[in-house]
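Chain lettering (A, B and C) follows the sequence in which the chains are written, and residue indices restart at 1 in each chain.
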Amino acid sequence: MSSLELTFITIVSMSAPLIFAVIGETITERVGIVNLSLEGTLLITALASFAVTIWTDSLYLGIISAGLIGGLIAFLIVLINFRFYINQIAVGFIFTIFLWKLSSYLGGDFVRIPGPYLDEISVPILKEIPFLGPVFFDNNILVLSSIILIPLSWFFLFRTKFGVNLRAVGENPSAADARGLDVMKYRFIYSFVGGVLIGIGGATFSLEVKYGWSEGHTLNYGWIALAIVIFGGWNPVRGSVGVYGFGILQVLSLKLQSLTIGFSQILPLIPFPLMILTLVLIQSANKNEGRWFPKPIRLLILGNQPQSLGITYKKDS
Amino acid sequence: MKIEFKNISKSFGKVQANSKISFTISTGSIHAIIGENGAGKSTLIKILSGQILPDEGSIKLNNKKMILGSTQEANKKRIGILGQDPLDFSNFTVLESFLAGGNKSSVIVSKSKIEKIISEFSKKFDWEIDVNSLIKDLSVGQRQQLELIRLLYLGAKIIILDEPTSGFSLDQKKKVFDNLRELAAKGYSVILVSHKIEEILEICTKVTILQNGSVLQTLDLPVDPKLLIKKMFGKSSEITNNLTPSFIMNNNNNAKNLSLEIKEFSSEEKIKLAEGTIIGVAGLQGSGSDKFIKSFYSYSPQSKVYSDEITSVEYSNITYVASDRLEKGLFPDMTIKEHIALMYNSKSLINWSNTLELTKNLINTYGIVGNPETLAKNLSGGNQQRLMLALIKENTKLLLLEQPTRGLDIGSAKFVWENLFQTRSKKNLIIFSSVDLDEIYDYSDYIICFYDNKIVSTGYKNVLSKSIVMEKISGN
Amino acid sequence: MYKSLLQNFITTILAVFSVSLVLFILQVSPLEIYNNLFDGSFGNLDKISRTLLIATVMALAGFALIITFSAGLWNIGIEGQMLFGAIGATFIARTILGELFFAPVIIIIFGGIFGSLLGLLSAFLKIRFNVHEIFGGLGINFVASGLIVYLVIGPWKREGIASTGGTDLFPAASWINGFGESNFPVYPIVIAIFIFLLLFTLLSRTSLGLRLIATGANTDAADKFKIDAGKFIIYAFIFAGAIGGIAGSIQASSIHHKLVPGIAGGYGFLGILIALIAGRNLFTVVIISLVFASIMVGGVQLQLRLGLDSSFPYIIESVFVMAWLIIKASKVDAKLLRFIIKKEGNFE
């Protein structure tokens, strides 16, 4: 195995949690809900999956419980927003702090326990492909699922009836309602689905990337995921490109660490100025002033925020 | 399909939008619903399409009661609505918007199939819709065309058209009407909500006239169009001669001349008028009359009022009173006193005791039921409008009023106008819009008629007769 | 007045009850916790001083957020504004100005200026490019924290050592000290009281403040009152940034006496929680800041005596705020109040 192959294997497997989180949040935001609790959800689900795995000795139960917890948190955020009209941002923000700190309280007993990890599985024929085979198809089940999830979620969102309806609810809930779609049902279901994916992202972190648990185990990954969702223009494929780009930077920083001290500390911050830049570009490209962008670049950066994102839905009557 | 409305009532707060509406639309008919603005047409339509739950009453389809207040049920019962503002998704492609919510398509979107459907229908009607363009790049007319195709494709058995045809050319309209007749013959029911008498006479077989939320009459067509117009406008169609004496006609001699620059709305670029004129802008809902009023209010406005050849009225001397009082004109969670301070306090430090005095005075002068600490949202509609009047500053040269008496009872409306008349001499110009022709004729000197976002007629009210205005604003 | 106080009292009791329930579920005794928190934060003068210092910083963050909330803005960038204030403070402390006897005054002023510059950046992104202040602010926070890491290990590193442990200590002249020999934070308290009075005047007595509130209350109506919303959004961010920056400079020169990564200590985020409860009420900010600061400071005792994790204060605070918001939104407190008043009426 060449060292380049090894490097890419590292990048792909390190990026798996972020892929889950970014796609989960993308689906959630596409239906019009902001799940701002990502930072907290990732932490608590990373802990939960690890703890359940240790208790039950079953990795799969660990993953499932993390997914369920992630979904439940998302469901609660929508419920509190829908039932009491408390701003989604406020609820998500409070949940972030609560879950983050709860994870470090509950996680106290699990610090530095050697963790279980997933066995490698490989896809028979595909793994024979030179370079791509070992990088993408000779890995554990979570990494493999994260790779499959990218085209799958894209296909779901943009090429199936359900995806079109889901996005319709996020774009214009009253029009969606007039066409017979149950807006709240859609929001509850797909926020839950998005939450499950985010939860699996948390599980991937503690079962695959950084085995075990330590306080602030997934620190800042939630915020990074939120930034990459925007960078990706609410598109799973573009978001995943962002995740892998970030992964490359991370690996680079590990290699360069000996050369430039502190680069590794500044590196995790790179997605944020990029996020702001993306937002600026998106807004400019949407406006007239963006016309000076060459057309291919315009198409590339055009990304429409779901029109009803974060807005509490009230049916009139 | 036979549709029976029975005792449908719905109120929004104090406003009774529908009261005990009962009538039947028979199978295979093209049935028109007409009425003035506020007569309750769109509420009734929204109840039928499940968007609004009525307070009481029932709807039977082919003698079977339907579940109300559920758009899912309406869709299941194949009720399709084509609205004035198409209910679609501006960031979607034509294809996606076409698919959203439809229950007929397969799980995996087949682009070529949908393309074929859209192009087949387009050919039939002579329309041009690019499947790959975005909805926001289409014209309103194209969006309505797409909606109609969608409804037909989904197999709607009851098709509601709510003022839809402004986006269609005459030729296209003819084809649509032919198609609707064909559908009706097959047993579909078509409901047409329209102001265009001509259209109604052309294709409808029956008409129900609504007035103040109740059914005035259901007639078999054809009938005399003049009669229909008369019924539609209710009391306002009776020509009254006891008009308020016009200020202009009495004081015309020494008044200065003004000119209105209105390029956006008319081929005539300017209207010349005497200072102190009250202009009434007549038009039905969505006719553009409110947009016209708004076009004067900005730092760099589209429409301007010139007090002589070069100087236009400055932004700081323009007051704009929005018709959505609580949403666009007032601060719901702020007190009357705070509103007064915002408008009248010119110093950087607020002297609250002076403001309180002023507030009390204004509350007295304008007869506002409330005290200085009352929140704007807790005032009744009439009192909110009185507060709006109290907030019109002395230095106002151009007063813009968007439907100034909308939703007010007769007493409040009268108060508003008495007050406006008292101050008119100090203003250069008052421009107001109204959907109530009586109001236009009672209080304006000069009338501008709006239809389809364009000025269709102008003139002093002694020149322009009420029946002409009625026809003009109905697009005839 | 009396009624709304009583209603808030009911809300507080219900929220504390919710917190107790969560503590109970986490298998710790609420009473023991409250007891230790109180003792740990108000047990002696030293503890009181510490509590007051933290409360001052939190209250400043809360004040800053009240300004932006009034203008209808979500100033998540408060953390970054505090960080920038700390950078401004360090910048001065490292120059010749830091040796002057009135160095703390310059430090506070520069902290305010630095913070407001970052606030201005959020406003610029929002108005010029329509970037929502939540995402703009979030990004700016991380950029600011990256900048501190860079400064600490780069240009401002300690002689010979480049670690994230912080810069060299400020010269003694740049320290904001306690009262006399004690730690009692008299100067920060004076600053906070000054800003309190300033904001109180601004929001309740000045045309500027009223217009700011109007902008946040209804942008459409503001337009009819000829209020230029964009201008007031900029003002709000400048004010908030300045106050946040001052809070950050107090952190730097009164608590740490140097620049360290993460110097805002999460107090900016806690400030958001405080402002969520306080709405536009400055008094409430002061009270909740005191309570939250005592939880933070008393939390140290929880660690020492009960062996509880340092995360406990945050758990209590976040549950309290969530419970408070839900109780207010569901109007349970109002219903209870009516019930109580009725009962009293029957007795009389």
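Here is the rule we go by: contacts are C-beta pairs under 8 Å (C-beta built on N, C-alpha and C of every residue); 3 or more make two chains touch, one makes a residue touch a chain.
On a predicted model such as this, the values are computed, not experimentally measured, just so you know.
Engineer: What's the farthest chain from chain A if centres are computed as the mean of the Cα atoms?
Structural biologist: Farthest by centroid: B.
Engineer: Which two chains have the most C-beta pairs in contact?
Structural biologist: Here the largest contact count links A-C.
Engineer: Go ahead and note the Å separation of the Cα centroids belonging to chain B and chain C.
Structural biologist: Centre-to-centre distance between chain B and chain C: 48 Å.
Engineer: Quick one: chain A and chain B, Cα centre-to-centre, how many Å?
Structural biologist: 45
Engineer: For chain A versus chain C, what separation do you get between their C-alpha means, in angstrom?
Structural biologist: 30
Engineer: Sort out for me which residues of chain A touch chain B in the complex.
Structural biologist: 159-162, 164-165, 167-168, 171-172, 174-182, 304, 307, 316-317
Engineer: Given the complex with chain A, which residues does chain B contribute to the contact?
Structural biologist: 49-53, 69, 71-72, 74-76, 81, 87-92, 96-97, 99-103, 105-109
Engineer: Show which residues of chain A lie in contact with chain C when the two form their complex.
Structural biologist: Residues in contact with chain C: 80, 84-86, 89-91, 93-95, 97-98, 100-102, 104-105, 108, 220, 223, 226-227, 230, 261-262, 265-266, 269, 272-273, 275-276, 279-280, 283-284.
Engineer: Within the complex, which stretch of chain B touches chain C?
Structural biologist: 315-316, 320-322, 327-334, 338, 341-343, 345-350, 352
Engineer: If you look only at chain C, which of its residues touch chain B in the complex?
Structural biologist: These residues of chain C touch chain B: 205-208, 210-211, 213-214, 217-218, 220-221, 224-227.
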